[in-house]
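Per-chain numbering from 1; labels A, B, C and D assigned in written order.
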Amino acid sequence: MVVNITAQRRVGVALLGYAFMGKAHSHAFKAIPHFFHPPPAVPELVVIYGRHEERLREAALNYGFKKYTTDWRTAVRDPEVELVDNSLPNNMHLEPTLEAIESGRHVVCEKPLARNSEEARKLRDAARRAKVKTMVAFNYRFVPSIQFARQLVKEGTIGRVYHFRARYLQDWLVNPSAPLTWRLKAEEAGSGPLGDLGSHIIDLARFLVGEVEAVTGVVRTFIDERPLVEDPSRKGRVTVEDAFAATVEFDNGAIGTLEASRFATGRKNFNNLEINGEKGSIEFNLERLNELRVYLREWEDDGLTGWNTVLVTERRHPYIDRYWPSGHIIGWEHTFINEMYHFLKCIVDDEDVAPLGATFEDGYRCNVIMDAILESAKTGRRVKVSFS
Amino acid sequence: MVVNITAQRRVGVALLGYAFMGKAHSHAFKAIPHFFHPPPAVPELVVIYGRHEERLREAALNYGFKKYTTDWRTAVRDPEVELVDNSLPNNMHLEPTLEAIESGRHVVCEKPLARNSEEARKLRDAARRAKVKTMVAFNYRFVPSIQFARQLVKEGTIGRVYHFRARYLQDWLVNPSAPLTWRLKAEEAGSGPLGDLGSHIIDLARFLVGEVEAVTGVVRTFIDERPLVEDPSRKGRVTVEDAFAATVEFDNGAIGTLEASRFATGRKNFNNLEINGEKGSIEFNLERLNELRVYLREWEDDGLTGWNTVLVTERRHPYIDRYWPSGHIIGWEHTFINEMYHFLKCIVDDEDVAPLGATFEDGYRCNVIMDAILESAKTGRRVKVSFS
Amino acid sequence: MVVNITAQRRVGVALLGYAFMGKAHSHAFKAIPHFFHPPPAVPELVVIYGRHEERLREAALNYGFKKYTTDWRTAVRDPEVELVDNSLPNNMHLEPTLEAIESGRHVVCEKPLARNSEEARKLRDAARRAKVKTMVAFNYRFVPSIQFARQLVKEGTIGRVYHFRARYLQDWLVNPSAPLTWRLKAEEAGSGPLGDLGSHIIDLARFLVGEVEAVTGVVRTFIDERPLVEDPSRKGRVTVEDAFAATVEFDNGAIGTLEASRFATGRKNFNNLEINGEKGSIEFNLERLNELRVYLREWEDDGLTGWNTVLVTERRHPYIDRYWPSGHIIGWEHTFINEMYHFLKCIVDDEDVAPLGATFEDGYRCNVIMDAILESAKTGRRVKVSFS
Amino acid sequence: MVVNITAQRRVGVALLGYAFMGKAHSHAFKAIPHFFHPPPAVPELVVIYGRHEERLREAALNYGFKKYTTDWRTAVRDPEVELVDNSLPNNMHLEPTLEAIESGRHVVCEKPLARNSEEARKLRDAARRAKVKTMVAFNYRFVPSIQFARQLVKEGTIGRVYHFRARYLQDWLVNPSAPLTWRLKAEEAGSGPLGDLGSHIIDLARFLVGEVEAVTGVVRTFIDERPLVEDPSRKGRVTVEDAFAATVEFDNGAIGTLEASRFATGRKNFNNLEINGEKGSIEFNLERLNELRVYLREWEDDGLTGWNTVLVTERRHPYIDRYWPSGHIIGWEHTFINEMYHFLKCIVDDEDVAPLGATFEDGYRCNVIMDAILESAKTGRRVKVSFS
């Protein structure tokens, strides 16, 4: 029988930017119908915008866009487009996002919304006036364990909040020969790890605890000059901070610290936060995003004074019912992607499935060993394994 | 510009089974082109087979198959099909897999290959005679950290192997009212956790250490009767084991233990193994599949006597170059799937992006706080945050 | 005012053996009155026995014994002795322990009780007939978290037990030039890690779960010959196993595995066990003995599906009320031993307290920084620290 | 043979204060000769001072002091006293410490040295002028893993330091009915967690990284009034902070954060710090004081990108050669203290050694099971265990 899918509602997407975020966002649009049944709509990857035509063409092919263009206005105004995804560098947030809003497209814009609060206010104001939906892509709000943490806070499980401490640490600038990309230039990025990483934890602070009332802060640039991207034999000036540290006061009385760095050796993408409340506490670490550590004072009554490493893979946890059974973490599906890629490659290139893939000989031997264990269990004797 | 993708080689896939493994496998086929550039071929989801027509139709729609059928022979012999993926229960491995091999299709078959070694030998023999590619879906061979572990063993980094200990533990049968599914019937499943979970760790033992020479074992069925699926008010007999424990001897002299259970309370999908060698050791835990714990004796010289929790997310690690940057674990991409689903739903159902999604107001406030931190860093003063 | 301590009950102790266990046991006797108030009695270290007079004399001095002797009968029969502590090698358990029992002394004997069950039965029979108290020094029963684990099992918190798995792993024999000590000779030790380490986990299995009904097992000796202690240029034969692995069945129906090795590279003193019951599970690791990991199914109702790392340092935990306040782990006291040793050494040898010890200059500077933080909190300004 | 110990050098100790620190310090003095051979001197516990005579007398007895007095001057000036240990509350640091210095005694004073920097300077100046040894009891400098961390920093193993972040968190004030002890009164304590806990991490910052140049900070008192110790039905005002958070700048350019709280629910004595340097990083957690987590960039070359959990129990680690063999953590000795206490109690009170202690019956059964495992290994058969 042939499947009829024509009846489904479709939403045309224009993606601005094909790099890191472009890859992540386009994957997300495509994955929605596989996991969310029925999807609110099937996203249609209409057009992708970028500056370098060759890489752009390749991205369009790999990610599955119908069209590509090196003019962002063309992408935004494409008649098939209902949703604009702005994944461009920070200095390209203002204009295309305004344009998209004004031309009646829904817009999701990468974080931070803008290079500074003045630009951000313009975007906020435009969004207020418009009828379209707008969202800033603070994606960590959508980690199931973060949403579960929010539930625990909002429902009062941990009571009044006293402390919030968050650090988002990376180390890719420790190497002095790392090049001077746009992320290190104030003109393009606005700020360094403050905007890139700090904006995430500031947003999570507000998402989980409440409004910020005051801050103190220090910033540091550890390495002033770096090789130019376009000519590594020459150097240019780093014009953003390499790290920041801050204290934070919330309007509900809680206090804490915020920190981000690209010089925290050994921390690859360490987004770690802790909330202490009067009845309990919560800890999160992005590098183990399927887990949440929770402490409840009520457990102390039974001597069970400790932090519970909650495995956030149960049906009752946010979004998890869409994915895999209990205990199968999100990310587990990559075992199959790699496996089927291997098999496909063996088929097309006529290569041996072994030794990486398990042959039917391997499957047979596994069954022999299983039978031997069952036989030993029955006879009470050590069983020598032999294959025929 | 329009993207031309017609030139790509395509491989037609028939999927037998639409349940758990059907969902995972079909997702994998679709994800390959997004991550592997260029893919060896673009898998084409031609036809899916299942017994219950309604659920089958839905699966075909959700997973993106062109056709569906309730006759597995039709699926296997479909002229567009080059690759058959047998994800059916164990008692349906033999016949359809033989048929697929004999009709010249490449076959990947779910594990264990068969209900017992006699059946498995038939399949092995058929695969030997045929020209097609065959593989058993021992997917944990394709966890990047498992393949990295194998490299460490094969390259001699941990030296001669002394011990291997593995346990694969789940707890979904602890509840006595869990129903009597096919997995609990010997006729259909062959065995219980021995085949379902034990086969994985037996295969990993062979993949990582070498051939098995002898075993001793015990099995136990803790709860003898369970409610029938078709009528929960009646009970039927459990005819497979609930758990097994075994000692194992390898032909290279190493010894160890193997264990699997569906009664290990608190262990949701805990596939944990350890290898001890003369120069080092390795530990793996599937619930943290982006990590590998490694010990090397050479570190002791500097007093750094300890286990290194390797974050297997670097370009040099197997398969990782296809995915995300350093520190962004596999699984991280789900933040975007959930996020874009949310936005899409807000657009289609005309719902508010807040409070789950970050509005432009949130984005603006984040920028204001960032500016306050920078101002404090410059002036050395506490800055009160105010929004306009 | 002068303290009068003459009224306290005293128990005279003879210690047989001055090596590793001699050091640990004599420390324990001396520490009792410092922590247990009032102590049941003040142990008096009367006499210590050993074979090498020089080392023996030193041990007597260091550990605080009044007398020493190279004849164990003299020690056992010393009229001041009420309690004999037999910490000798396994082949010296039988005779001195029998002698002590027969001469009316209370005896604590190191584990395993004997080289084999025949010897052990003789000791058990003698103990049955006698009026004295006898104990085998299975000290891990006295880890607070192990006793807390036992409470959880006995009180039914984790329900009917399904599984027990324990491994006690060390790696000091991985080095092939490790010498052929008495522990590697069957004549003196009886067995290898089976008796040395395995006896501990067998005892814990019985202490925590119940009686053992049946076993299967394998043993392995990986390195057959080793340098003689008395002449490292010559080699002698290793006559005990280097490792064992076993399955175990309990009379209450539970099954599991036991394992011990001296070849588990990277495992220094890794005594790790797990119990799975119908309502919960427990995990313990000796290298983190202040912790216990507990899982309770009831937490699942609130989505708190996880293992709680209980910090066993609360007053309600066994023995802990005798030691330090909440959160101050046992072992924390060594910070003070090392510190006061340092200060004493500086006094006696007229050395500088700095840089290891904190001088009053350090103390002053610390206060200045504290004042600066308070000032910043008050004024809202960054405060430069300056010392005068 | 009788042991002659009269030749040893002795140092007379006066201890001011018998509470928490009194217990910890007097234990340390007594333990030195057991572990350090030969000790620089044998500390003699001469006299202890306190205000409440009854508790004082008991402390003198329990800790082993010859005399006690309720007049601190008497203690300080006792002719047998060479070393004064000031473990009194902060408002009693200045006068007795000055007196001790001036009367020619060596002094170790608890931290923080004083209630404020003015008092502290007086003590520093007196110490400078005097010939005696003085030390502030920042005991965490003497954790073996902290000293090992310092070695790694000083020897350049982690290179130039970029970041230091430390937090010392407790939660004993979360309960609103916790009483208003001296620690909550500014007059006596000077400050709250800033002085009590913050002084430790400030000192460790200076010990591990270098001098502090500037700070910003916030403090908070969450609960203003608490029940009086002397009359819980009445309340008094809390006059110190409940928590502080600060940014810190070092004179070598590093930046970071400092934080301490008594309101961090679930954190019992969580003193956690991290140092990021150009070549590596270090992390420490007091609740697992036998461990140090170390990251070195050089490991990345082999794909071993991770944090090494160093078990600081090897002879090459600071102080550890004085204690137990490899893998036997400091704290392990308490198993014996508890065990021998149990046995002593059974002897004196004529109680059964079972079920907590292992009887000779238990010892015998353990041997039987060991023999069964050996027999199974030899015969290849399951062995039923039977006891006679």
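The working rule: a contact is a pair of C-beta atoms (placed from the backbone, for glycine too) under 8 Å apart; a residue touches a chain by one contact, two chains touch by 3 or more.
All values reported here derive from a predicted model rather than from experimental measurement.
S.K.: Between C-D and A-D, which chain pair shares more contacting C-beta pairs?
M.R.: Higher C-beta contact count between the two pairs: C-D.
S.K.: Going by average Cα coordinates, which chain is farthest removed from subunit C?
M.R.: Relative to subunit C, the chain whose C-alpha centre sits farthest away is A.
S.K.: Using Cα averages as centroids, what's the distance between subunit A and subunit C in whole Å?
M.R.: For subunit A versus subunit C, the centre distance works out to 46 Å.
S.K.: Centroid of subunit C to centroid of subunit D, CA atoms only: how many Å?
M.R.: That pair's centroid distance is 21 Å.
S.K.: Please compute the C-alpha centroid of subunit A, do the same for subunit D, then give the distance between them in whole Å.
M.R.: So the centroids are 41 Å from each other.
S.K.: Would you please write down the residue numbers of subunit B that are in contact with two or more other chains?
M.R.: 214, 216-218, 246, 267-268, 305-307, 311, 313, 376, 380-382
S.K.: Which bits of subunit A are touching subunit D when the two form their complex?
M.R.: 158, 162-163, 165, 167, 169, 171, 174, 214, 216-218, 220, 222, 243, 245-249, 253, 255-257, 259, 261, 263-268, 276-281, 295, 297, 305-307, 380-382
S.K.: Applying the document's contact rule, which stretches of subunit D touch subunit B when the two form their complex?
M.R.: 148, 216, 218, 291, 294, 296, 299-300, 303-311, 313-314, 316-317, 376, 380, 382
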